[in-house]
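You will see two complexes here that share chain A, one where it goes with chain B and one where it goes with chain C.
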Partner chain A sequence: MLAAILAAGLAVGSIYALIGVTYNIMFSASRVMSFTSGQLGMLGGVFGALCIGRLHIPIIPGFVLAMTGCALVGLVTEIVAVRPVLKALDQHLYVLSTLGFALMIQTFTAIEFSTEPQPFPHLLGIGQGGPLDEKFWLPVVACFATIIGLELLYRRTLVGRAFLAIAEDNFAARALGLPERNLRMASFALAGAVGGLAGFSGGELLLAFFANGATLNFLGFVPVALGGLGNNRGAVIGGLALGVFQQAANFLMGGVFAGVAVFAVFIVVLLAAPQGLFGSPPARRV
Partner chain B sequence: MRSLAPYILIFVAALLLPLFANDYWAVIGARAAVYWVLVAGLNLVVGYGGQLAIGWVALLTLGSYTAAILVARFDLNPFIAYAAGGVIGALAGVVVGLPALRLRTFYFAMTTLGFATIVTQVALAWQSVTGGGIGLPGPMLAAPFDSAWGFYLLCLGFAAVVTWMTANVASSRYGRSLVAIRDAEVAAEATGISKARLLVLVFLFSGFTAGVAGGLFATLQSYITPEAFSFDLSVTFFIAILVGGRGSIIGPLLGNILLTLLPEFAAPLVAWSTFLYAVLLLAIVLLMPGGIAALLDFRNRKPLESNRSIVPQPDRVRALLGHSPVRDDIVLTNVVLAFGGVRAIDGLDMTIRAGEVHGLIGPNGSGKTTTLNVISGYYSPQQGEAFLGTRVLPHGVPQARSALGIARTFQTPRVIGEASVLQNVMIGATIDGRASFMEAALTLPRHRSDEKRLTARAMAALDVVGLVSLAAVRADRLQHSELRFVEIARALTGRPAFLLLDEPAAGLSTEEIKRLGTLIKAVAEAGTGVLLVEHHADLIFDICDHVTVLNLGRELAAGTPAEIRAHKEVVSAYLGA
Partner chain C sequence: MSLTRRALVGTSAAALAAPALIRSARAEAEPIRIGWLATFTGPLSSPTIGFDRGVKYAAEQINAAGGVNGRMLEIISRDTQGDPTKAVNAAQDVISRQKVHAIFGPVNSGELLATTPIMARAKVPSLVAGVVNSLIDPAKFPNAFRVTPSNAQWDGAVLNYCQNILKAKKVTIMADATGYGTSAHDDSVASFKKAGLDVVYDAVIDPAQPDVTPDMLRSKNAGAEVIVSWTVSSGMAARMMNARAALNWDVPIAGHPALGTGEIGKLVNKPEYWDKVYQVGYRSCSYGADGKLPKASQEFVDSVRGKFPLQDTSLWWIASGVDAIRLIAEAVAKTGSSDSDKIIGYWNTLQMWPGLYGHYSFSPTDHNGFLGTDVVMSKANTAREGAFDLAPGYA
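Let's turn to the complex of A and B:
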């Protein structure tokens, strides 16, 4: 029982954490929170099922193809729904533009792919059944690989430092001659791939289902809210905690209660600490 | 002021519909009317208050199930059941809405979305009460409302009443305050608007209409299942408002009709309707943020006179302010305020006398605006206190200053661009209104006398600063210097005992500065104490009774203008030889 809770909890928690990281990467590059974050997770699963399951492309090229597709969707998000509203960031038009674009992705998938959950292919066939099934540890591996990769990117490479510079002070970075727009586009493509990875690695768990987008939007945002906006480590801790909490509630008291409990925790934490548990204090208003 | 013609036109067209169309259209028409009952209330939250509540379908669900359960299991009269649905909706509206007090935009949108998901899940799982996936029959009405057209006319009646009420609220001080917290929250606080109180009222109202709409929706559907309350529906409501335009009633009304009818005219596209709505949302945001309402706003397209000047009428200040003679001083004692390691104010003592102009000058970063923010309650000092007479000014509650008679302006004018100049100025006297929210919604006598009084006073304030001719113009069309005077008019409308001005002369022409000086002097002579933070030394020395010079958060010198002008350190540190 405990093993089952932990296996399922860490698995879904890793998926939520990765969606949280997707939110964070987009936010760092543009100060925009995007409703497409969860949709990218959904697309990771759908593209995976499409490439490997339906078109029978081998796993590795299929994976690359699915990630490329998600990165492209991330890029298009930037061009269509983010760049045009950056001028008036204080009017929060991005909430509406990204919501519109996310709904387009979601309904398009429902109509053109399927309105029912579709099976996701078995990737490796390791540890079938039981708590060590690949569907449980694949997302965890993906999550930690992503986090380590991102840390290396941000700390060790010039491009990564440029990302950090943009996130820290957009104006100063531009004054130093950094190609802010290209970096932003690269960030959104990266975010797309990370979101896609969440859905792909969790595909065997969540299946390829258009409605996953909305669910992941919310559940992936909870770790961001818990861990503080822009804080990737906070998102991972928050995501794993959320996953285990949700699965424990699910096993012990049933699915509906788990949903209500997650929502209640989300609200209570946000009201008590609007900046998240690891976030920075709010900016001065006057 | 409000043009009634389009509303009457739509209402008459809706009344004539039964003469031309078949029963199928009665159902479509009833649906549009039911949706509007919800959307009209939500419009106050989203369109006026700027709170991005995207999950309002949750309240429709709650209202629906409440009404259906009460009728099906307890055999209650359907109309009482509708009202009960409204009450549940109102309570849930406050519960969903309250996080808006602490959470901003995207976070709030997420909480409403989360709530909508939960409500549907519970409806699905709580089979013993809601019937789960099988559902419940909706309330059946007796004659004459049991026919398709009878029910249509009933819904139309509800829609008309709700339209009337929301239009009343929107044009009242509550509506203006909502727009103020949407577009100029900091300034709204300074005029005494309590965001918490206001939003609770609006969430109650909006939740009630959503709950009643839910009851009607249950009857319209005749059988309800959780599937009927999809998130797509919620998005439709939300998009109807944005397509219509923020801060308008007629726009969202047209948007709602458009979105309800659209699938009927394009039958092959029904499957794609949500996709089309999403495209519409994106297109509206990117191409036409003002929505339908902006298209219909002909008045504000006429060019303004280009060669206008601001001519204040200082002799009318006294009549506007109408002071009682006894006034307390504002006293700061040993105030210390540090941001991290920076001591922005470092032990400041200062007294601002009633009826005097007190100048506060000093180099950039010397703590002038910070001092003003302490007095107006935005910052809490770590040591020392600010007093009004003998009363301590409470920390961190800027919205309580207005009631104490302290008004202010801002370094960058904070006005509501989408509201008219007159509406902006009326914001300044919001706390002097007496009518309650419901009195405003029903335009009872007290509300009407409020409006008359506040309008007259705001016009008098505009007259004093010399902007009467621009009263009806959208504020975002004004020049910078005019906005400065709009802010002063807004502050004066509240008849303050103290007026705090943060660099009012910045960006003004020499002539305008001179007129501003005369106006400020007249304000002080009428009994209102003025704190003037400025860089224009000439203005300060011309009109101040008393000057404090700050440097690095401390008082460098204080005295009459003549003393300051002769002060050696001030001359070398700040004024220059």
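Let's turn to the complex of A and C:
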């Protein structure tokens, strides 16, 4: 019983964490909370089901194609929904532009793919539905691989350091000659791939369904708030905690009450630590 | 030329009567306009595909035979897109601008909750294809007649199957967190408890919840002998079946007709996970032990095979569409009028009217016309030409 709850909790928690990381990558590059993050997760599942399930492309090329598709959508998000509103960040127009673009993605997917949940292929054929089934551990593996990969990228490569530079102070980074716009576009493409990986690795659990985007948008935001905006490690811990708590609440309380419990805890945590459990209070000029 | 008093009176009488006579003659010649409001596009459109085939088929058959007392049927279709706001606009359009004589639809309860009062205010005879109990109230909506089972009848069929055929004493009731699911959950919990069954676990679940293992686990630990499901979400239904298999549990699942949608076959991890799943069905659309449908249904299927597809929809949706049009046509034929009062009055006298889908009986105080014993349970994974095998245990 405990194994089943933990397996399901860690799996969905990893998916939420990856969506949280997607939010963070986009935010770091642009100071914009892009509400297309959940839709990128949805598209990861849909592209995976399309490439591998419907078009019968082998798993590895199918995976690469799905991630490329998501990266392209991330890139288009930067061009269509983020870049035009960067000059008016204080007016929060990005809420409208990214939400509008997210709605377009969702509607287009419903029309062109399916309005009903579609099966996601069994990638490795490991497990028969028990706690060791691949659908439970694939998202966890994907989540930890992503975090390790991002740490290596940011700490060991020049491009990664350039990402950090524009995240820290984009005016200073530009003054130093860094191609801020190109780096921002690359960040959005990377975020697209990470979001897509969330949906792809969790496809067997979530299925390929156009309406998953809205749920992931919502629940993927919780780890960001819990872990502190821009803090990927915090997002992972927040996401995993959210997933396990949600599944435990499903077992102990059941039904929609579990959702109420999740958001009650979320609000209590934010009241106690408004900057998130792992975030630091913003510096204030004096 | 002199004008006599007799000529003056005669001419005046003729002048006064002429418009009424012209109106009457025009009414006798004008088509019988039927408003057909349905979700032709959007995520909720699959039932409409079936209903629409039945509606068009029945109208074409009647018109090909010369119409009703020489009057042709004219189907005026409006797409509500599953949206109550659009359904209200469509209802107002067909009532006020198209001046329809009767309305069939919309075909989902959410839209019907919005349109039924409007149709009642306009006193337009309407045939209701929605299951929510509150849609039918002869005092408030004397024009509205239900031609499908009510939710209480669906619930009754499931309760009867669990209690009398599966001999279950402990049940779990799970529904999705939609308006329909919530109301079905509440009604079902109340009726099962009233019948003396022990509801060991009940839950209203977000249909997007990625894993329902915790809910199934709770049910198993509580000793549930049947899982009753009230969800229209194929994803949620398939997750229940996958979770049941993962727990090595062979408990039967019984409930909403959506348990038999073809999408579930694609979503379960193995085809056998769909075994021991029983959905609400209808005698008219169920194969008996001999593998055949009841006589009238079999003749209908044989006659339409090849004219339109049957595999991609449910036979009962088609049959219900046929019955709705025939009910309107017969009311006009028998009363010789398409006036609202005449149609409503005629429907109020129907007793065991033999439709293709089921038997209908209405009275001025009861507009839930579908015969309860026509509602049965079917094996969910046995769809052929839109119909299903009867669930085990029925004679």
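Simple rule for what comes next: the second predicted complex is superposed on the first by the 281 of 286 C-alpha atoms of A that agree within 3 Å, B and C clash if a C-alpha of one lies under 4 Å from a C-alpha of the other, contacts with A are read in each partner's own complex, and residues count from 1 in each chain.
Quick note on the criterion: contacts are C-beta pairs under 8 Å (C-beta built on N, C-alpha and C of every residue); 3 or more make two chains touch, one makes a residue touch a chain.
Computed from a prediction, not measured in an experiment: that's the story for all the values here.
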| item | value |
| --- | --- |
| Side-by-side fit of chain B and chain C on chain A, or clash | clash |
| A:217 touches, of chain B and chain C: first, second, both or neither? | first |
| First, second, both or neither for A:165, with chain B first and chain C second | neither |
| Partner chain(s) touched by A:256 [first = chain B, second = chain C, both, neither] | both |
| First, second, both or neither for A:270, with chain B first and chain C second | first |
| Which of chain B and chain C A:247 touches, first, second, both or neither | second |
| First (chain B), second (chain C), both or neither touched by A:209 | second |
| Colliding stretch - chain B into chain C, listed as 218-226, 380-388 or 506-514 | 218-226 |
| Common interface residues of chain A - those touching chain B in one complex and chain C in the other | 215, 254-256, 259 |
| Chain C contact footprint on chain A (complex, rising order) | 1, 4-5, 8, 11-12, 15, 110, 115-119, 122, 128-130, 133, 202, 205-207, 209, 211-212, 215, 247-248, 250-251, 254-256, 259 |
| Complex contact set, residues of chain C against chain A | 42-43, 177, 201-206, 208-215, 217-218, 221, 233-235, 238, 242-243, 245-247, 263, 266-267, 269 |
| Residues on chain B engaged by chain A in the complex (per definition of touch) | 52, 54, 99, 102-103, 105-107, 109-111, 113-115, 117-118, 121-122, 124-126, 185-186, 231, 235, 242, 271-272, 274-275, 277-282, 285-286, 289, 373, 378-379, 410 |
| List of chain A residues in touch with chain B within their complex | 33, 80-81, 84-85, 91-93, 95-97, 99-104, 107-108, 111, 214-215, 217-218, 221, 225, 254-256, 259-260, 263, 266-267, 270-271, 274, 285-286 |
